[in-house]
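After this come two complexes, each holding chain A, first together with chain B and then together with chain C.
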Partner chain A sequence: MLEYQIFFDYAPILLIGFWLTIKIVVCAIALGIPLGLFLALGRRSNFVIISFLSTSFIELFRNTPFIIQVFLFYYVLPFYGLRLSAEYIGVLALAAFGSAYFAEIIRAGIDAVPKGQLDSARAIGMTDWQAMRNVILPQTLSIVIPPLTNQTLTLIKESAILSTITVHELTMTGLMVQGETFRPFEVFIMVALLYWALNETIATIMRKFEQNTKKNRKAGSIGNSSTTLKKSTSIK
Partner chain B sequence: MKFDISYTFDAIPRLLEGAFVTLQVAILGFTLSVLLATTITVARTSLNSKIFNSILAFYISFIRGTPILVQIFLVYYVLPVFGLNLGPFTAGIIAITLNSAAFVTEILRGGLASVPIGQFEAAKSLGISGYALWRKIILPQTFITSIPPLVNEFTMVLKATALLSMITVVELMRVSQQIYSANYHPVEVLSGTFVIYFLMCFVVSRSSVFLENRFIVKRAR
Partner chain C sequence: MTSNFLELKGLYKTFDNITALNNVSLNVSKGEVIFIIGPSGCGKSTLLRAVNWLTPPDKGEVWLEGKLVGSSSSKLTIKEAKLLNNLRAKMGMVFQQFNVWPHLNVLENVVRPQLVVAKRNKANAESKALKILDEVSLHNKIDEWPDHLSGGQKQRLAIARALAMDPILMLLDEPTSALDPELVGEVLIVLKRLVNNGMTMLIVTHELGFASEFGDRLLFMDGGEIIEEGSPKKILTMPKTKRLKMFLKKLDITSFKH
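Entry: the complex of A and B
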């Protein structure tokens, strides 16, 4: 029933596609998180126009399927004279899609920081931007890391949709191999396993990282570091 | 080329037909997935068997770890290999159901955890067990606390149905592809599709508050 030979014959070509998937997702995250930060700050802005624009961007991208965003990018950019290869369009679409979700995550993180923190930062004479940069955002970091990880996993999964605009990533490669071999089961299982392995690896690493930061924060919150070190060793 | 909105308006009647199919697929798939997830939740709690739990953990991890597009291809291309020749519509519904059931199971687990253990004990002391326990006491409380994430999951399903266009289910996305491959005005047609999707998802996601108020349990304190 299963033809194991296919696993060996087509693994290299699938791995090439897999590598492109990773590259695309990394680029999309690198673009998407800064954009998301701007959108989150924009949504909280006092300027009505900026907050309206950011809010509508976020809501438009969160409430439509990713596939139609991809198609719109694919057809709209050339429509206005911007000709890019499918890979770049894919990165842009994925970054725009991701940034809407990143923005909401960062906004929730900012809201979770007690309001007194901003007030006291302003009271000691920091400007809004300084308070944001030095007081609020560092505290947000530990809150937003788990949802950001989740969103990263979502982006990896959504990147499969870029196969519809002929980006030669993992799913597209799988479809091509399927067309060559007519063995859909073996091919798609292999594709699914690669995605699964990537997602599980990232999830595990981030879980470890999270536990470490939690431990450090706990240790850091009681007195200075030397006493806490003594305390934690004596408790053990 | 200029953006000619008349192409959008011309496309709208057919797009709305497609939107109707999208809604049908989404509602059918979501209903089935909630039924499946409820069964799984009840079975998991009452069986409490290690084998069942590990199979379930495997299933949920697989569904959450792989793209839904690949799952759709798996169902659509693989079932015929085993002699099951399903149309794209059925295969699509199956894929959506299997995918969404994993997420709904996770949601219901959270909802179930918020039901106080005293509810089980009180029911037991009144001699209520089995079907009546779940149907009358536990599940209603589970579902009411799960309304916001369930509504969110429904919008996810609604968005996922767009992917069924890849396996030739003629829903909103496919209809718009058919239209613009005939008139060569993808930007205008897709803008219309974009707006329709946005309206559907936006209305659904905003209905969460309304539903919560409608079903909220008023308890004496």
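Entry: the complex of A and C
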């Protein structure tokens, strides 16, 4: 039978591991999405070297197991004199792995914007980068939110693999508690529930955010447009 | 370099063995309104897109007011790319599919390029945008999103966006072809006002009535070449070549207006 006492006794220590998982994932996403954007733009670049390097990076990280990438980061970086704690290495590995997928999502999002949008931006005198920033990427955002959310959830689940390089995140903590109590069922149910709660929360928030971005464009005068209305009447 | 306002020299362009432009040269004087007609795939849109180097031709040069817009003989340096962007801003382009920006409301569509390209400050850009939106009768739509506009309103917005950059030349690629028939008139009214203000324009169109009334010159293109050119009335009533006769005949059958 379930031993309920274990839930109460070991909740605090599991929550500490959970908190580290959250911190690592947040850092990895904060690094991974900009890197993914950079790689997506790099892959489309007219400069052969940049596009080759970006493509190689993406394909390498997309087509090898994450656990092998983690081992390589963990054992190879110190060899080249970069001695970081396991947590930082975990963040870097997770960010690199995530960025390859983020890049492909963003690239598909950019390609989904009708070609005429770039034409009109270039025709009015915008540089490639100005057109990206002002016309293409803002339209890409609403397209990529659902797949980016999916990838974020995957990343959170993949972070469990960091337990193999002694990062004391949620899974590692669960393994330790299991070793102490010999109650795997109770422990891993708690661990699973915590991952589920985190992912469900993020999914719900992103759904709301997605609905809002859609609503904003359809509803007409909302937010900053009402301020422009005030300004415009004063100009007249 | 040259006294011509706009000069196209020997433009040549192929797409997968289809010749879209076959050694096309054209001189345009300031204030001239030129209509371009021809069957689909004849190269008329490619010609327009070559003028502002949006589709760089394989061979040839384009000059605007004595400045080189683009030349096929050399790759663009950073300085030339910058000049090209400046020249593009002076050449307002209007597309068949409007290409207004759906993530920006009506006012922002007209304001944004002024901020980004012309580097105007926000107050100036907004007052300019409001003045121009008023001219195209969109002053009561400034807070609207483009998705909520009719085709005619979208096209007028696209024209306003181009005009806000103070263009000296307008390139219009079938501006009324994607519109419901009852919406064509409101766009033509705006274009007529541009003609009356002395704007230099290159217009690809199927509106032959509009062309013969307001065009200084009409070009008939087929197979990437200018087959006939001259005053619109003369060309439309007395076509010389068989190809133009065939083309006009087909238009007569497919539309009531001519």
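As a working rule, the second predicted complex is superposed on the first by the 219 of 236 C-alpha atoms of A that agree within 3 Å, B and C clash if a C-alpha of one lies under 4 Å from a C-alpha of the other, contacts with A are read in each partner's own complex, and residues count from 1 in each chain.
Assume a contact is a pair of C-beta atoms (placed from the backbone, for glycine too) under 8 Å apart; a residue touches a chain by one contact, two chains touch by 3 or more.
These numbers come from a predicted model, not from an experiment.
> Using the superposition on chain A described above, determine whether A:130 touches chain B (first), chain C (second), both, or neither.
In the superposed model, A:130 contacts chain C only, not chain B.
> Between chain B and chain C, whom does A:204 touch in the aligned arrangement: first, second, both, or neither?
neither
> Taking the superposition as given, does A:212 touch the first partner, chain B, the second, chain C, both, or neither?
A:212 contacts neither chain B nor chain C.
> Output check: A:166 vs chain B and chain C. Expected answer is one of first, second, both, neither. What do you get?
neither
> Should A:191 be classified as contacting the first partner (chain B), the second (chain C), both, or neither?
So A:191 only meets chain B here.
> Which partner does A:79 contact after superposing on A: first (chain B), second (chain C), both, neither?
After superposing on A, A:79 lies in contact with chain B but is clear of chain C.
> Please work out whether A:116 is in contact with chain B alone, chain C alone, both, or neither, and reply first, second, both or neither.
second
> Return first, second, both or neither, reflecting whether A:139 touches chain B, chain C, both chains, or no partner chain.
A:139 sits against chain C, while chain B stays out of touch.
> In the complex formed with chain B, which residues of chain A make contact?
Chain A reaches chain B through residues 59-60, 63-69, 71-72, 75-76, 79, 153, 156-161, 163-164, 171, 174-175, 178, 184-185, 188-189, 191-192, 195-196, 199-200.
> Within the complex, which stretch of chain A touches chain C?
It comes out as residues 114, 116-117, 119-127, 130, 134-135, 138-139, 142, 217-218, 220-221, 225-226, 228-229, 231-232, 235-236.
> Mind pulling up the chain B residues that touch chain A in the complex?
Interface residues on the chain B side: 1, 3, 61-62, 64-71, 73-74, 77-78, 81, 155, 158-163, 165-166, 173, 186-187, 190-191, 193-194, 197-198, 201-202, 205.
> Which of the residues in chain C come into contact with chain A in the complex?
Residue list for chain C touching chain A: 52, 54, 81, 85-89, 91-93, 95, 97, 99-103, 105, 107-108, 112-113, 116-118, 123, 126-127, 130, 142-145, 147-148, 158, 161-162, 165, 171.
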